[in-house]
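Please read the structure below before turning to the comments.
First chain written, first letter: the chains are A, B, C, D and E, and each begins at residue 1.
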Amino acid sequence: MAPPPVRRRKLAWTPARVGVYGFLIVAALFFLLPLYVMLITSVKPMEEIRLGTLFALPVKATLEPWLQAWSSACTGLECGGIRSGFWNSVAIVVPSTILSIAIGAVNGYALSFWRPRGAGVLFAILMMGAFIPVQVMVYPLVRVLASVNLFSSLPGIVLIHTIFGMPVMTLLFRNYYAGLPMELFKAARIDGGGFWRIFLQLMLPMSTPVIVVAVIMQVTGIWNDFLLGLVFAGSEHLPMTVQLNNIINTTTGERLYNVNMAATILTSLVPLALYFISGRWFVRGIASGAVKG
Amino acid sequence: MSNVAIRNLQIQLGGNKVIESLNLDVKAGEFVVLLGPSGCGKSTLLHSIAGLIDTTSGQIEIGGKDMTWADPKDRGIALVFQSYALYPTMNVEANMSFGLRINGTPKEEIARRVSRASDMLQLGPLLKRKPANLSGGQRQRVAIGRAIVREADVMLFDEPLSNLDAKLRTELRRELKQLHKQLGATMIYVTHDQVEAMTLAQRMAVMKGGVVQQFDTPANIYNEPANLFVATFLGSPGMNLFKGAIERQGDRTIFSNQHMSLDVSGYPFKQPLAGKHDCVLGVRPEDIDVGNCDGADNVVCASVSLVEAMGAHRVLWLDFHGTQVAGIVQDQQHIETDKDISFSIRSKRISLFDGASEQRL
Amino acid sequence: MSNVAIRNLQIQLGGNKVIESLNLDVKAGEFVVLLGPSGCGKSTLLHSIAGLIDTTSGQIEIGGKDMTWADPKDRGIALVFQSYALYPTMNVEANMSFGLRINGTPKEEIARRVSRASDMLQLGPLLKRKPANLSGGQRQRVAIGRAIVREADVMLFDEPLSNLDAKLRTELRRELKQLHKQLGATMIYVTHDQVEAMTLAQRMAVMKGGVVQQFDTPANIYNEPANLFVATFLGSPGMNLFKGAIERQGDRTIFSNQHMSLDVSGYPFKQPLAGKHDCVLGVRPEDIDVGNCDGADNVVCASVSLVEAMGAHRVLWLDFHGTQVAGIVQDQQHIETDKDISFSIRSKRISLFDGASEQRL
Amino acid sequence: QAPAPAGAPLKATVIHWWTSGGESQAVKQFAEAYNKAGGQWIDQAVAGADQSRATTINRIVGGNAPTAAQFNTSKQFRDFVEQGLLNNVDDVAIAGKWEQLMPPSILEAIKINGHFYAAPVDIHMPAWFFYSKAAYKKAGIANEPQTWDEFLAQLAKLKAVGVVPLAFGGQVWQEKITFDAIFAMVGGADLYLRVYRDRDQKAVMSPAFKQVLVDFKKLKGFVDAGSPGRNWNDATAMVVSGKAGVQIMGDWAKGEFAAAKQVAGKDFGCFPGFGPKAPYIVAGDAFVFPKTANATTIKAQKLLATTITSPAAQVAFAARKGAIPIRGDVDESQLDICARQGLAIMKDKSRQLPNTEMLASPDTTGALQDVLTSYWNKNQSPDDAQKAFARALKDQ
Amino acid sequence: MAKKRQSVSIAAYIAIIPMALTVLLAYLGTMLWTARVSVSSSRTFPASDFVGASQYIRLFNNERWLLSLQNVAVYGVLFIAACLIIGFLLAVFIDQKVMAEGALRTIFLYPYAMSFVATGLIWQWILNPELGIQEVLHQMGFADAKFDWIVDQDMAIYTIVIATVWQASGLVMALMLSGLRGVDEELWKAARIDGIPRWRVYVSIVLPMLGASVSTAFVLLFVAVVKVFDSVVAMTQGGPGTASEVPAKFIMDYLFGRANIGLASAASIVLLSTVLAIVAPLYFVRSRRAAKGA
């Protein structure tokens, strides 16, 4: 009397499932295509590149361009590759990321919970500022920094990155904190927490997901920045990207595409590594969602 | 312990007048419950007492001092939130001790208070857990514990039990009452659950639309509701209402409408009545007696539309000319739906309300 | 309308056995309530009936067909969620009609069903509103409306009233009962609120830890709980329990312990008793009579520790040698706390449980 | 000849945009010469001419000016002079007899209000014609063209045998170079100067100028579809591989040929124009010296100006850079045949033409580029282009 | 005795001092400075004279500027729409409990880590009709295949869209994914019971719920549109001709290459005003709706 049991639904390979994977694979191929071209170009000798066979695998693969990019490509008089700027970049990225996130977080926190008078207006202007092309701001900012003796120094470039990161960082944290229950803040107020206490001991530990996003955005942005570093960092602190740019962008000199590509990939390794590492955190942070207390 | 006095409080939020000219006097050590439907401004009132919402005008006194603009932490209050608002990144112990640590209370003192509160609330084994790993009831206790360790003179509770199941609710209700005895603190407790309100309150304030409708002992409010709203909001099921008119006939006062009439001469009118008066008669389900429908005097008949067995008693729903009348029966007598039944109103236990102003007569 | 039969159902979630070998037979058109404490697997069971959770083993039959692996939409069921799960971006009408529109139901048919449901639930004026602009009770009705328009043979409810205030809960409870009459559909209703369970159920299943403890009519479960758990879980306050032993003394059967003894000869034992037997005696608060403590026979004294006025009745808490005994008094007699009072147990209305297995004797 | 000071070497921070391998080799010659002369060269390479100049401006504004900075030999640094931001190097110019040694077009660019505000470092001829000998052979062309028409005919022949006749990079500045080459060849030096130097509206609106526009657009028929956006070196690579016949490009393109191990005169040919009297467009780079009161820095600036204009440094630099020296009194043997040819032409003042940058402000040159690129890429009539050209010249 | 508005502590005001200084000195300051320069005759350096609106007049007589504005409008609409759609689709597909989710996520996100200085060149190659996809198609025997947008006057701007979407949609995906994971599980169940296909749920129910994610993504993308520069320079240099010119490039050209900061400033001010004219109403509507929803 029992009708034949319907088969288990759990088994995966339905047409819809195939479609999902199909789409993802096609999309992944599209996203990987430029990387593929970059990679194979970076291991081709220049003769092969001149042939213009863009997608062809290298006939004679060579690691020479990578070595050259890393340690002997010329960036002016120096022919030390991009290696030398690495630590400069680190020295800029670390404090800039920390400071810009710290200030963005404090701003977002103040805007969401304390709402001091005038802060709303400041925030609106700040967001407006996000739309000014960076280049336009360079000249006046040089003047300002020069007037406080910070031009061409490490603190100077850190400050500049903090300034330029402020709109988006503030937006990010403001939106995140706006999603937290107001009661939490009120409870801490009753417990006698002041502005900083509540921020440091309560809000900051709860901000992991948004901090991960902020770190990704800031590290990527600051690491890849070249214009601001060039102008504000001073010659001793030029970031890696200035060298990368020197290698890639020549006006009238010859261009070594293989070295260019190798240098580009090398330079991107830090943000890429960050993506790999933080990816899991990112998802975990997202999955835990609005922290339920 | 301190008294709390609220004078002419008015609160606007985003343009809405949420609280209008509210007065409330809570004696030191008293347990007062604020009861009202969702959205009536209970939480707003409580938060303004705690100093978390700025008042638009009016005064809040705590312990005899004007605290209208004092900082929350300086008011000598503790607050248990509707949503618990536990700090998700701290374990139970840290949650409870956070405020004390901020105030720089000595370590031993903190330990003493936390262990006392956790004993009281049986939180001992949970001290090292994070809120995410606690059940709803346990979270609730932590939230209460956090308030207790503050050893505040005034404790405020914002619907602390609303998310728990009936059994837990009953238990915690008793524990709270116990707590009040032990601590002796002034307690103001917000709820929309009347059972909670009735069982916990020494006095309770019934609110609606930001206005206190009645502020009295639970029994008085239950038995002599000040207006129609209070009458129907309290009781489960609420008071049965009959529209009609009231008139002096000789030395008797008679309530009557199309379908019934009742001698209400014994009713303690606040003001002597003159002439005919539109009014509403209210009677609690337990003050309705049912019997066989045999056409006796002062006995009205209606058909039973539903019988709800509640275990200890049953609720009858009678269809009386289109309105549903609820009655409560205690005994095991057999009652069938769709059959006619007689019911009578205990005229000594009625309430009468003005038809227009809806205020108690 | 269809029957629902569950055979040897077992469900594992993330490694936990949430449901173990569960059997349940719901007749066509019946209103069955699943009652149990938080976390006992009620939602899991309901969702597996709906096909939203894969079963680990066992069978689910709906309307005589094996539906263990059928798609939710093909099971002829409708489900009202604990959290409503309304589509937040659609207005009330769209919320109700979305499923029908997707299935290609003709426009007129959709309009007919929606208007019928909205009439039934008095949602007419709200049809164009978004869920965010509705109160909790209104959202609840929309969620029910969405289930109704499906005109399913089996309707499942997952604690649909748990977030509402007492008054609304009472109202909606009645409406649901009415609905069942009108629709005639099989209904399975999950709750942890016993009042709801008692009033709504034709039969109810009390669950604990994924296992059905008792499946019977509310009255039977209330009056003759199958085990200690059911006895204490039901009733507010729950059954009073006294540990002791039971023994035949001549043709009488006597329950006794240190402090009291009671003749339980009239008790309908399932199996004849032999010798002395450790057991627990249970009696509901309303089956305890109180009087003055004058030392009469079969009358025990205890001091009153708390009086809870509930409006219609009062709950007394008596301190009887360290255990709290609850009693219910209906009349207005004056009772003071901390005074001694006598109480007696109506021996015809007791329950007896085995001391070890905790099962009813 | 300037004596090295005793003690600390004279530090000179130099901003320039020579960043590629070949360019690095070239700038190294300067650095070594300077260091040998008792200085210490501190290199600050910034890729991209615009970017490099912007850096210089920002450094000056920010009070952290370099000792010297590269500009094109042009009007690019006029504003600096007017703002009084540059030191002059009159002493060095007089001592080095610049007026006698250097071509007038260069002098015109660096001598402002009677003072020398820049030290020229090289001369580029931006409009060389490079051709693939293999492609020419395939098309059966034996000689370099002597006239514009002959050139067009050769392009047609190349096209006929399936070679891309003109290797063309469709970037604005490459279009401009090509146009200027055609302008100088077809329109003649006189018209060129009247338009660019005198901004003579009549000259612009003349039929002769219109003919230049028409002739320029004729080249469009000889470029391939992939040209827009192409980098100049990719275009050169087409000539290197014989895929394309001719490229009109600055002499720096020789670096690419060299990298592909091709030899001028053997694998590829070069000619600066049609016929023996063809005009020769002059461009180049120069160093300017930001203002400072610091005596040591001024000394360094002078030493630097002296060193880099010295014949030895000049020829060493030019040889690696693919340019020609700014002075004729150098040892030619290090140079390739194209450069030698250029050096020879430089002796004939009548053939020299300054490039647009020397004659007009950057703003004007930019505006002209805009006009030309629209004309080249869009379906614009020569008349419209002519009018736009006139307007762009008048506007500034 | 206790005064009003004490509830906002002084520390809060101190804490926003960095923001206040930044806003006043860096943002407001540069905006005013730019406005001032735009009414002067400044060339390489700011001049202190006053020439009225002449820079603006020149600006609006400049065809390239007008074309830039037109281009950025077209680009902006397409870029934002494409990023949101593709980002959303990727997020949705990744959300289907697929294998190798982490790897896929990284694949979609990595372009965001790479600067356009080099990847622009790669795109230029891939899209080049003589080198890239078109050539490959020809070699595969599709002789008629034509994909030469990058050299086509009318289509060049779309190639910028393709490349920048490739770069930015990963970030949108991340934001959307975070939104998707926040959707109540019971909603999905409700939809299953209603028999609503998953894609329909995404389109009709989930998408409208992702308001916060979408608006954050929108702001970030909008900022990117206004500032789009690197990709254009690296891929087309604004060409062919002026076909893919954009305002930021125009401003850059005049700022340094053409040494006319007066005109560049005027262009910046016009750009900023345009942005404000678009953003302000959106902001207004949103804050109104937020106020109403609360």
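Keep this in mind: a residue touches a chain if its C-beta (ideal position, glycine included) is under 8 Å from a C-beta of that chain, and two chains touch if they have at least 3 such contacts.
On a predicted model such as this, the values are computed, not experimentally measured, just so you know.
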item: Intersection of the contact lists for chain A and chain C; value: B, E
item: Contact pairs, highest-scoring chain pair; value: A-E
item: Maximum centroid distance from chain C, chain identifier (CA atoms); value: D
item: Chain centre separation (chain B, chain C; CA means) in Å; value: 25
item: Interchain centroid distance [CA atoms averaged], chain A/chain B, Å; value: 55
item: Interchain centroid distance [CA atoms averaged], chain A/chain D, Å; value: 39
item: Residues within chain A bordering two or more other chains; value: 52, 139, 194, 245, 248-249
item: Overlap residues in chain E, where contacts from two or more other chains coincide; value: 130-131, 252, 255-256
item: Sequence positions of chain C contacting 2 or more other chains; value: 71
item: Complex contact set, residues of chain E against chain D; value: 43-45, 58, 62-64, 124, 128-131, 148, 150-151, 153, 156, 235-243, 252-260, 263
item: For the chain E and chain A complex, residues of the former touching the latter; value: 8-9, 11-13, 15-16, 18-20, 22-23, 25-31, 33-34, 46, 86, 89-90, 93-94, 96, 98, 101-102, 104-115, 117-119, 121-123, 125-126, 130-132, 135-136, 166, 170-171, 174, 177-178, 181-182, 198, 212, 216, 219-220, 222-223, 226-227, 229, 247-248, 251-252, 255-256, 261, 264-265, 268, 271-272, 275-276, 279, 283
item: Residue numbers on chain D that touch chain A, as the complex places them; value: 13, 16-24, 27-28, 31, 41-49, 51, 54-55, 57-59, 61-64, 124, 231-233, 237, 240-241, 250, 252, 255-256, 259-260
item: Residue ranges of chain B in contact with chain A within the complex; value: 47, 50-52, 72-73, 77-79, 81-89, 98-99, 102-103, 131-132, 139, 146, 150
item: Chain A residues touching chain B - in the complex, by the definition given at the top; value: 181, 183-184, 186-194, 197, 201-202, 205-206, 291-293
